[in-house]
Amino acid sequence: MRPSGRAADELRSVSIERNFTMHAEGSVLISCGNTRVLCTASVEEKVPPWLRGKNEGWVTAEYGMLPRSTGSRMRREATAGKQGGRTLEIQRLIGRSLRAVVDRRALGERTITLDCDVLQADGGTRTAAITGAYVALVDACNGLVQKGRLKSSPVHGQVAAVSVGIFGDTPVLDLDYPEDSGAETDMNVVMNDGGGFIELQGTAEGHAFRRDELDALVDLAEKGIRELMVAQDEALA
Amino acid sequence: MRPSGRAADELRSVSIERNFTMHAEGSVLISCGNTRVLCTASVEEKVPPWLRGKNEGWVTAEYGMLPRSTGSRMRREATAGKQGGRTLEIQRLIGRSLRAVVDRRALGERTITLDCDVLQADGGTRTAAITGAYVALVDACNGLVQKGRLKSSPVHGQVAAVSVGIFGDTPVLDLDYPEDSGAETDMNVVMNDGGGFIELQGTAEGHAFRRDELDALVDLAEKGIRELMVAQDEALA
Amino acid sequence: MRPSGRAADELRSVSIERNFTMHAEGSVLISCGNTRVLCTASVEEKVPPWLRGKNEGWVTAEYGMLPRSTGSRMRREATAGKQGGRTLEIQRLIGRSLRAVVDRRALGERTITLDCDVLQADGGTRTAAITGAYVALVDACNGLVQKGRLKSSPVHGQVAAVSVGIFGDTPVLDLDYPEDSGAETDMNVVMNDGGGFIELQGTAEGHAFRRDELDALVDLAEKGIRELMVAQDEALA
Amino acid sequence: MRPSGRAADELRSVSIERNFTMHAEGSVLISCGNTRVLCTASVEEKVPPWLRGKNEGWVTAEYGMLPRSTGSRMRREATAGKQGGRTLEIQRLIGRSLRAVVDRRALGERTITLDCDVLQADGGTRTAAITGAYVALVDACNGLVQKGRLKSSPVHGQVAAVSVGIFGDTPVLDLDYPEDSGAETDMNVVMNDGGGFIELQGTAEGHAFRRDELDALVDLAEKGIRELMVAQDEALA
Amino acid sequence: MRPSGRAADELRSVSIERNFTMHAEGSVLISCGNTRVLCTASVEEKVPPWLRGKNEGWVTAEYGMLPRSTGSRMRREATAGKQGGRTLEIQRLIGRSLRAVVDRRALGERTITLDCDVLQADGGTRTAAITGAYVALVDACNGLVQKGRLKSSPVHGQVAAVSVGIFGDTPVLDLDYPEDSGAETDMNVVMNDGGGFIELQGTAEGHAFRRDELDALVDLAEKGIRELMVAQDEALA
Amino acid sequence: MRPSGRAADELRSVSIERNFTMHAEGSVLISCGNTRVLCTASVEEKVPPWLRGKNEGWVTAEYGMLPRSTGSRMRREATAGKQGGRTLEIQRLIGRSLRAVVDRRALGERTITLDCDVLQADGGTRTAAITGAYVALVDACNGLVQKGRLKSSPVHGQVAAVSVGIFGDTPVLDLDYPEDSGAETDMNVVMNDGGGFIELQGTAEGHAFRRDELDALVDLAEKGIRELMVAQDEALA
C-alpha cells in the first residue's frame, strides 16, 4: 500500500504550465504531484571557449533548490560558496539528457541553458526537471525558428524521465518523498520517444536488487514515461 | 510621461498571495507589476553562535535572483562561488528592516529566516521583498502562537517599502525597470506603520538631487507605503 | 551631552596629510578625530573588460580595515577568503561617490582606484574615506595633467561626506565610535560643492526616525560637509 | 574488433597488490590493464557530526587523479580550489558501494575513509577503485579485529564493479580508454556476491540503447564481476 | 657601487615608532629606509583549538601589503579570495621567528597575533616586519605584566632580522628594492641576541653561490643584526 | 645514536625508478628510505600569460601528499578548497630549484610542470622531490630532443637536495620522520653539480644554532648531495 494511496503503476497528477515567467525564451512550471520545478530555457549567441569555431552549439543545465523548497530549510548554495555534489550530479544528468535530443550542428554557435529551480520538493525533482526542461527547450527552439534565426528546430526527439523504486518489496512508479526516503531501491530512468534509454541510474539504498526486480522497474518506467510524453504533447499542442 | 502611462504618484498593481508553497511557516508570492518575489519565512529552534544563551531570537534574510528572472541570463551565484556585493547589500537591508518590527526577546531563542527569491524582475525587487517578507513573517509568528510555542506574536509593528526616483526631472513613485535604468536619482524607503523611517537610501545616478527634490521623494514614498500597508492588511485579513 | 564633550553640531578635528606614501599617484592620510584612513589613488592605463573601446575611464574604490584598527582584533579578510558584506557595501558607496565628480570621458581609457585602508577606527570610517579619497583623486588627476597625459583635470566637482545621527534623542554631527554604537539612528550623507546630495543612507538602529528628525539630520550634514570642504581646500592649497 | 584484441566478454588482466604503502590500515594498488589506482583505507575513531552518539560508524570515499595520470596533464583540483562535478559524483558512488557491504552498527563509532587515487588512467578508474577499495576495507576491518578493537569484521558482503558498453554496435566488457571515448553507451555496474545490484549507471553517449542491449550489457557485467571477485578472493587469501 | 651610495656593510637608516595606533597592545611603525611596516601585537585570551587545555600560549603572525605600497598597484588579497604563496611563506617565517623568543608556557593560555602590514615597500619588508614585531611583542607582554595578568614577561630573548645578498659580485647588507631585484643571491637572516641563528633562507636568483660567499653574507648579517638590536633597545628604552 | 642506527653522515638508501607511469614525458618514483615521491614532468606547448611572446619557456612545480601518505590521515587539499601554506612554500622551492639548471631561452615557448606527489612520507619529502624531479626533467628534455623538437637539452646543470639537522646535539644527514620531529634545527640544502648553493633554508625548532653548527651542517649536506648526484647519474645511465 503506497502512502498516497496510488496504484503501483500510477503516476502523480502532472501539470505543465508554459510561459510561467516572461523573460526566458522558454519558461515552464512543471508540477508532478507536490513537486514543482521552474524550468527556463535561455538562448545566448555564444558557446563555451572549448567549442568556439566548431560550428556547433551547446545545451547545458543548472539545477537549484530554493532554501525552503524542502521540509526543513536547506543552506543556500550561494552562501556555502559552492554547489554540492548532489547538485552537480543532477545538473550534469539533466544536461546530458537534453543534449541527447538536440542536433547541436543544426543549433549553430549558440548555447541554450536550462535552469531548473525547485520551488517545492516532494520527491522526483530531477526527473520532473528533465520532463519540464524538454518543453522549455522546444519553446526556445521554436522561438528561434519564428524569429528567423533558424530554419527548423534542432530538437530531433522527445525526452522525459521518471523515478521508479522498490517500496515495501513492491516495484512502484513515480516515488514521492515519503516513498523515496523509505525505498529499498531507487532508479531514475530517462528515455526518448523511440523507446530508447538515455540514462538509467539505479541505487540500492537497502538490500541489493535482483535481476527480476530490475526488469519490473524498467517496465514501470517505460509505462510512466509514455504517459509523461502525452502530457508534454498536450502542453505543447 | 512614464513609460507605463502611470501617474507620477501611482503604484503598480500589487498582489500578495499567501501559502504559495507548502513547507515554509510563511510563504508569500508578492507581485508588484511584473516584479514577482517569493518570500518564505522559516522558523528554526536555534540562534547563531554569538546569540546563544542570551534569551533572544534572530531575524535574518537572504536574497537571490533566479538566473533568468531578468532580461538576459545572469550567472547563478552558487556557481560563481559567492554572493555578489549587490546581493549582500540587499539582504542586509531586508534583514534590518524586518528586525525593526520584531521584539527579539519575545521571539525567544529561535531564528526566522526570510528567503526572498526573485522569480521575475522588473525593478523594485528589494522593496517588494521587504513588503512581502513582512506578510510571511506575520504568518510564521502567528503559526508559533497557534502551535502554542509562543503566547503572542513578537511582531510589534508593520513594515513596507517602496522605491521612488526622479525620472525625466519628475519625482515618481514605484519605479519599474525602464524607469529605474533611466532615473537620475533612485531612493528606497522603508517605513513602519507609525510613519517612522526605518531605512532611507538615496543615490544620485546622474545629477545630484536638491533638498526640495528629497522632500518630494519622501512625500511620494510615504503615500506609496501607506497604500502597500493596506494591501498587506487585506492579504492578512 | 556627547561623550566627547563636543557641541551637537561640532565636527571632530580634521587633518588631511598629502603624499603620505611615495608610490601612489595620490596618497592622503585623513584623520577625523581618532579615525585615520590612508587613501591612495592609483592610475592604471587600462579599463575593466566591459568598458574597453568605449572611450571612457573608470573610477573605483576598495576599502579595508587593518586587523587591529579596531578595539578588538578583526579577522583579516584575506584569510577569510572574501570581503564581507559591510566591506563590499562601503567600497561600492565610495566608488559611486567619487564617480559623481569625475568626467569619465575626459579621463580617457584609464582606471583610477581609490584604496581606502583604515589604520585606526573610531567611527565614521566610510565618510572619512570619501573625504580623503577626493583629495587623493585630485592629486592623481593633477599629476596626469602635469605629466602631459591630460590637458585638464577630469574632476568637475568636489565631494565630501559625514555621518549624522540621533544620540540620546538629540541630532548630532560626526559620530565617533561611542556615539555610533549607542545611536538610535545613523545616517551617512555625501554631498557635492553645489549643495546637491550624491548619497544619503539612513538607518534606524532603535526607534524609527520621524520626518522632522530627518530634516534636522540633513541640516547638520550640510553644515558639516561645508566645513569638511574647507579642510579639503586648505589641504590642496 | 576491440582495439586491444580482447574478446567481447574478456576482462583486462587484473592485479591486486596489498600493503602497497605502509601507513594506512588497508593499502591496495589495483591494476586493471593500464589503469592503476591506489586505494587506502584509513580508520579514525570518530564519526561525522551528524552521526555522533548514534552508535554507528561511517564509511566514505574520496577520489582523485594525479595531474599526469592522464594522456594530457589535468589541472590539480587543489589549485582549482574545488573538486569537480565528475570527482564528486565518483566518490559518492564509491562511498555508497562500500557502505552497502558494511554493518555500520557493528563498526561502532568509527569512520573508515577509502582514498582512491588514480596513478595511471586508461578507462574504468571508478570501477577499479571500488574493486580495490573493497580489499583495502577488508584489510582495515580485519586489522581492527586483530587489535582486539572489534570482535568480528563488520564487512558482511563482497562488492566489485566493472564497466560495460556498446562499442561499434557490440556489447563489450571492461572498456579501456580508447573504447570508452568511442562507445555509444557506457554502463558502470556494482554488484555484491549474492548477485544483487548495488549500483547500475548507464549513459547513452550516442544513440539511446534498447531494452535488449540493456539485457546484454547486464549479462556481461555479471560475468565480469564474478571474475573480479575471484581476483579479490585470491588477493585476500 | 650600490644604487643608494651606501657602503657594502651599511644599514639603511632605521626608525622605530612605538604606539603608532591606539587600540593594539603593541603598535610599532618601523622604517628601514623607505620600507615602512606597521606591526601590531594583539592579545587574545584564547588559544587555537589544537592547543586548548595544554597550559601554553600561542604567538602567530599575519602579513599583508597595502595595494599601493608598491611601485605598481597589487591586487588586494581579500578580493583575490586568498593569500598568495609569498604571503603565507612570509607570515609563517615571522611567526616562527617570534615564537623562538617567547616562553609559551609562561605566556599562559593566550594568543598574541603580530599583524605586519606594509604601508610602503622598498625591499626587505619581511625582515623589517620581524624587527618591528619584536618591539610590539615586548610592549604587549609588558602590558600584561603592568595589568597584573602576568608576573613577568614571557619574552626570553631578543630577535631581529636583515637581508643580505650578492649585488654585482659584492656581498652587501640590507638590500633595498633596486638591489633586491638585481641581486644574484638574496638571503634573509634571523638571529637572537645570543648570536644564534633562528632562520637562514638563502636563494640564488642568478648563479649559485659559493661557500665563501655564504660565509661573507653571514658575516654581514651578524653585523647588521647587532646594529638593529641597538635600535630596538633604544626604542624600548 | 640515530633511531635508524645510521651513522651521522649516512644517507638512507636511495632508489630512482624511471618510467614509473606511462603518460608523462618524464616519470620517476624516488625512494629515500621509506619516503616515496612520484615525480612527473609534463611538457606543454604554451607558457603562462605573462611570458607570452618573450621567446622563453617556463619550469614550474606542484607538490601534493596523498591523504594517507602520512601516519594519520591528512585532509585532502582539494576538499579544503586550497593548498596550504606549507604546500605552496614547498612547490615554490621545487620550482626555483629546477629553474636554476634550465636555460629557459633554449627551452623555447613551452612549460614543463614537475608534479611531485608523495605516496609515502617519512621525512625529507621536499628534498626527495627535488632530487627525483631533476631526473624526470632530464627525461622530458631528452624526449624533446629525440622527437626533434629541440636540438639539444636546455638542462645545463645537475641539481639535488638533502636535509640536514641537529638531532640530540649532533649534526646528522638526511633526517627521517622520527629525527625530523625531534630535531633542534632542520636545514634543507639544494646544490648544483658545480658545488654551488641554490637554496639553503635553515630553521631552529628548538635552540638557535651557532655558526659552527651551521658550518657542520653545510659540510654534511655537501657530502650527501654528492652521493645523491651519483644515484641520479646511475639512474640516467
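In this document, chain identifiers A, B, C, D, E and F correspond to the written order of the chains, with residue numbering beginning at 1 in each.
In this section, a contact is a pair of C-beta atoms (placed from the backbone, for glycine too) under 8 Å apart; a residue touches a chain by one contact, two chains touch by 3 or more.
These are the chains along with the protein names UniProt gives them: A, B, C, D, E, F = Ribonuclease PH.
These figures come from a predicted structure and were not determined experimentally.
Among the remaining chains, those touching chain B and also chain E are C.
Separation of chain E from chain F in touch steps, taking the shortest path, is 1.
Taking the CA centroid of chain E as reference, the farthest chain centroid is that of A.
Relative to the C-alpha centre of chain B, the farthest chain centre belongs to F. One of E-F, A-B or C-E repeats the interface of A-D: more than half of the contact pairs, counted by residue number, are shared by E-F.
Rotation angle, chain B onto chain D, C-alpha superposition: 120 degrees, expressed as a multiple of 5. Computed centre separation for the pair chain A/chain F is 50 angstrom, with centres defined by C-alpha atoms. Chain D and chain F have centres, each the mean of its CA atoms, that are 33 Å apart. For this pair, chain B with chain F, the centres built from the Cα atoms lie 59 Å apart. Counting only residues that touch two or more partner chains, chain B has 81-82. The ring sequence of chains is given as E, F, D, A, B, C, with chain E as the starting point and chain F next.
Residue ranges on chain D touching chain F, taken from their complex, read 21-24, 27, 34, 36, 38, 40, 42, 44, 62, 64, 66-73, 76-83, 87, 113, 115, 117, 119-121.
Partner chain E is touched in their complex by these residues of chain F: 82, 84-86, 88-89, 91-92, 96, 100, 187, 191-192, 194-204, 207-211, 214, 218.
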